[in-house]
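In the two complexes that follow, subunit A is the common piece, with subunit B as its partner first and subunit C second.
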Partner chain A sequence: MFAFCEDPSSIDGLTWLACYLTTGKHFDFYWSFITVLTLLAITAPVALAFGFAGAVAARSQFLPLRLLGQGYVAMVRGVPDIVFFLFFVIALDQGIEWLVHQARCPDWTEPIRNGLEFRVCPEAKVPSSRAPQTLHQLYGFGLAVVTFAIVFGAFAANVLYGAMRAVPRAQIETGEAYGMTSGQTFRRILVPQMWVYALPGLSNLWMILIKATPLLFLLGVQDIVYWARELGGTKTSAYAYPHPDWRVWYFLGLLVFYLLMTAVSERVMARLSARLSHGQATLAGETQRKAGR
Partner chain B sequence: MTCWETVQAYAFRSLGYGERLLPREGFTICEHVTLIGSGLIWNVYFGACALAIGFILANGLAVAKASPVAVLRKPAEWFIFLFRGSPLFIQFFLAYETFVLLPKAGIDIPLGFTTITVATSWLTKAQAGALIVLILNTAAYSAEIFYGALRSVPRGDLEAADAYGMSGWSRFRRIVWPTMMRLGWPAYTNEAIFLFHATTLVFFSGFPAWRQQGDALYYANYFADKTFNPFLAYPIVAAYFIVLTLAIIGLFGLINRRLNRHLPANTRQRLRYRPQLVR
Partner chain C sequence: MRNLILTTAALALASTAALAQDTVRMGTEGAYPPYNFINDNGQVDGFERELGDELCARAELTCEWVTNDWDSIIPNLQSGNYDTIIAGMSITEERDKVIDFTQDYYPPTASAYVAAAEDADLSGVIAAQTATIQAGYVAETGATLLEFATPDETIAAVRNGEADAVFADYDYLAPLVEESGGALMFVGDRVPLGGGVGMGLRESDTELRDKFNAAIDAMKADGSLNELLVKWFGEEVQTYPVDGGDSGK
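Moving on, here comes the complex of A and B:
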């Protein structure tokens, strides 16, 4: 990057470090932080949407829908999440390929599950084998996002289901007394009021989501853990910047990154909680009213 | 091979007994169930040991965090923030890389008259190194639970203790600690379940499985990689863990009953399992 980095073997000290930290691979490493933040930014709303749908389904009057919603919420209980992460990535991948296979190769006669192999016709490969490398990476990232959304959606559904039940019954009854339909009370009364009850659970979930992002590594995405291992490993003199095993330092960096993320989130959540409690008939809202804010 | 022979060959494979080679072809359901169940021994080992030692540590940390003395409070606060604020996955990696960096021959500690050599190589093995991380991690999470419980010990209980002339250690042992346990127990049950689930991370982070002796998820992953069929191995792990979770809930429910036995039946706390996975 810098002009004086032309010949790494001739420099030392801080100059060497400046050159070392600005190599192309290190920029890949810095980009992978963006990958993690992108994952968080996409997954959080999608998981919330999944959770909302799950909670609404679990409250439904219609029995099959209610069972579906409650089954979804109960799905994640009692089973380590990492099992879901490992399971869904393969299951989704094979499921998509199977569907494409059914659509594109209707006259394929060979069995798809042949002994130890899962074989679909070449046209059904997703993404196709001729696709550029970036598309494959994007597809892997997309699968990871969907997996995170499904697993965390179940947690969010659990939280939102509880929050919907926590809204005082009298509020709903008032809505009914005004002649609102059940859909109207849901939209105008229940949903606006439930967030203050949902916030503690959701902020806890956000913390858990942050701390789950290193699992991206297990899903085969080139994330910060991948690059920390790659860059930190011993580099012999065959490399431009030889160094001993520095993985400890890279992982310390990641640790600091996560601690910072947690600390910042805690601050933001505390602010948000104070904001949402404003004017609410809860203990926190009452305390604010008495303090004259 | 009949199913019974498979059980004989692989039931203790994760501990290094029985057949040396893992099954390579013609994977049967029986092999799946036996080998994954064999791996579960490690999950139980990690979970039970970490819980037992972490419990003692957590009590000390909770009391330290509630202490008015800054010298005790600050380190406890930082310890809890460090282990609760970062992913367990990263903690495993960091611990493993640190243990690997320790000199293989051991560390010499000069004591003036003699020198002690502390062996360090055992730390890089999962059964010791990962266990240490799990102990510290669960200690931090449990300490936060117990700290919350300690702060909500009713005032009246403390005043009654004062009225009886109790103070210091005897007040803590007879009044504060039992109430703290009683109030914190439902949340602690969740933490225990959570910890058993977290043990599946051990062989997926820094710690390598030695001679293919891994935990339940390690073998499930082995099968899924070999057969390209996730629909058999992972549901088996899931089923094992549901049974394990139910066993923990049962055991902790018994302790909860004992902790609450002096209360009238309608004010007792029921155990509720609120899942929160992934640290």
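Moving on, here comes the complex of A and C:
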């Protein structure tokens, strides 16, 4: 990056450090923070949507839908994350390729499953093997978002399901007394009031999601933990910047990052909670009313 | 005008022809210097990078490098995420049952123990990387096997006293011992393991395997493979006889 970094073996001290911290590899590391933040920003709302759909399905009057919702929640919550990430992603990836294969290569005669091998026709590869590596990475990232959303959606569904049941019956009854249909009470009374009950559970999930991002590496997405381990490991003179085992410093950096994330999240959650309690028939809402806010 | 259209059409055809040539995705670990590692620019580098690029050039293939965790490197080959494994993988009977190998491009070598003290107990706790021939060997010797996902962590385990010694490929260990300033040393005898290092491919990819085999043959015959071996592993490395013989097999 800097001109004086031409020959790393001839410099030392702070100059060396400045060059070291600005290598291409370190920029990959810095970028991975953005990858993780982007993943969180996309996954959280998608997971919430999955959770909402799951909760609505689980309390549906219609039996098949109810079974589907309850089955989704029970199954995904019961499978360890790591198993889910290893199995489901490969299954999803192969499932997509199988579908594309059926559409594009109807004349393909060779077996798709050949022992442990999975072979679709070259046109059905997703993404195409000719595609640039960035596209492959983007695809891996997409798979990660879907997988995270399904896993965390199941937990969110359970939280929202509980929250929906926690809204006092009297509130719904009032709505019914005004002649609202069940759909109207759901939209106008239940959903706006349930968030305050769901928030503690959802904030737990958010914290767990922040810390679950190292699972990304299982999906081939190189996240901050991967880079910290890779950069911190002992470097022999095969590398331009040899150094001993520095993992402890890199992981210390990650610790600061995660603590900052937690601190910011706590603050946002506290404000959100105060806001959602406003005018609610809860203890917090009652306290706010008495304080005249 | 017509000329212009014709030229454009010809160019378009030429570019599709270029695109139609298949890209071979080369899967490697990127954590095993000097075989393969990620250099300071974030690119795959090392003996296998240089060798792989040369093989691809000789076989007239377009190659792209992909890194993958060692643990899942075989399953991901089988499900088609990349087309070859070129990651210092020794040819063994067990692996040969699930994937195919080219001929070896690195002669059968020795593995060795490295410890922090001369009197290390080699039947005590021995660190090795998961799913390697070295891990298999340690399990057979009756020592307590301590497995790690990356080779770097096995060395760290010896440095911090978690393991009595690490058992790994000699050529991987040599630079680490040399540059440790006396903190690490070879102990015990070297153990010859494995049938040399080859490229792993899907069993159904026989055509690709033949192309790489031919390219490796050519590189063995003209001595360019030996040059690469010496460049990355030093003068001591075992090389191939240049007359085209195949002692490695």
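Just so we're on the same page, the second predicted complex is superposed on the first by the 287 of 293 C-alpha atoms of A that agree within 3 Å, B and C clash if a C-alpha of one lies under 4 Å from a C-alpha of the other, contacts with A are read in each partner's own complex, and residues count from 1 in each chain.
Keep this in mind: a residue touches a chain if its C-beta (ideal position, glycine included) is under 8 Å from a C-beta of that chain, and two chains touch if they have at least 3 such contacts.
Keep in mind that this is a model prediction, so the values were computed, not measured.
Superposition of the two structures on subunit A leads subunit B and subunit C into a clash.
Looking at the shared chain after the overlay, A:D28 reaches subunit C, while subunit B stays out of its contact range.
Look at A:A274: by the touch rule set out above, it reaches neither subunit B nor subunit C. Contacts of A:N158 after superposition: subunit B is touched, whereas subunit C is not reached. Touch criterion not met for A:L17: it reaches neither subunit B nor subunit C.
Look at A:Q133: by the touch rule set out above, it reaches subunit C but stays clear of subunit B.
In the superposition on chain A, A:R247 contacts both subunit B and subunit C.
In the overlay built on the shared chain, the residue A:I90 is in contact with subunit B and with subunit C.
Put simply, subunit A uses residues 86, 90, 94, 116-118, 217-218, 229, 245, 247 to touch subunit B in one complex and subunit C in the other.
Those residues of subunit C lying in contact with subunit A across their complex are 19, 22-23, 25, 30-31, 33-34, 37-43, 46, 64, 66, 68-69, 72, 75-76, 78-81, 83, 98, 150, 152-153, 155-156, 159, 175-176, 179, 202-204. The touching residues of subunit A, when paired with subunit C in their complex, are 8, 23-25, 27-28, 86, 90, 93-94, 97, 114-120, 122, 125, 129-130, 132-133, 136, 217-218, 220, 229-230, 233-234, 236-242, 245, 247. Across the complex, subunit B meets subunit A through its residues 25, 27, 81-82, 84-91, 93-94, 97-98, 100-101, 193, 197-198, 200-201, 204, 217, 220-221, 224, 226-231, 234, 237-238, 241-242, 245-246, 273-279. The part of subunit A that touches subunit B in the complex is made up of residues 76-83, 86-87, 90-91, 94, 113, 116-118, 155, 158, 204-205, 208, 210-215, 217-218, 225, 228-229, 232, 245, 247-248, 251-252, 254-255, 258-259, 262-263.
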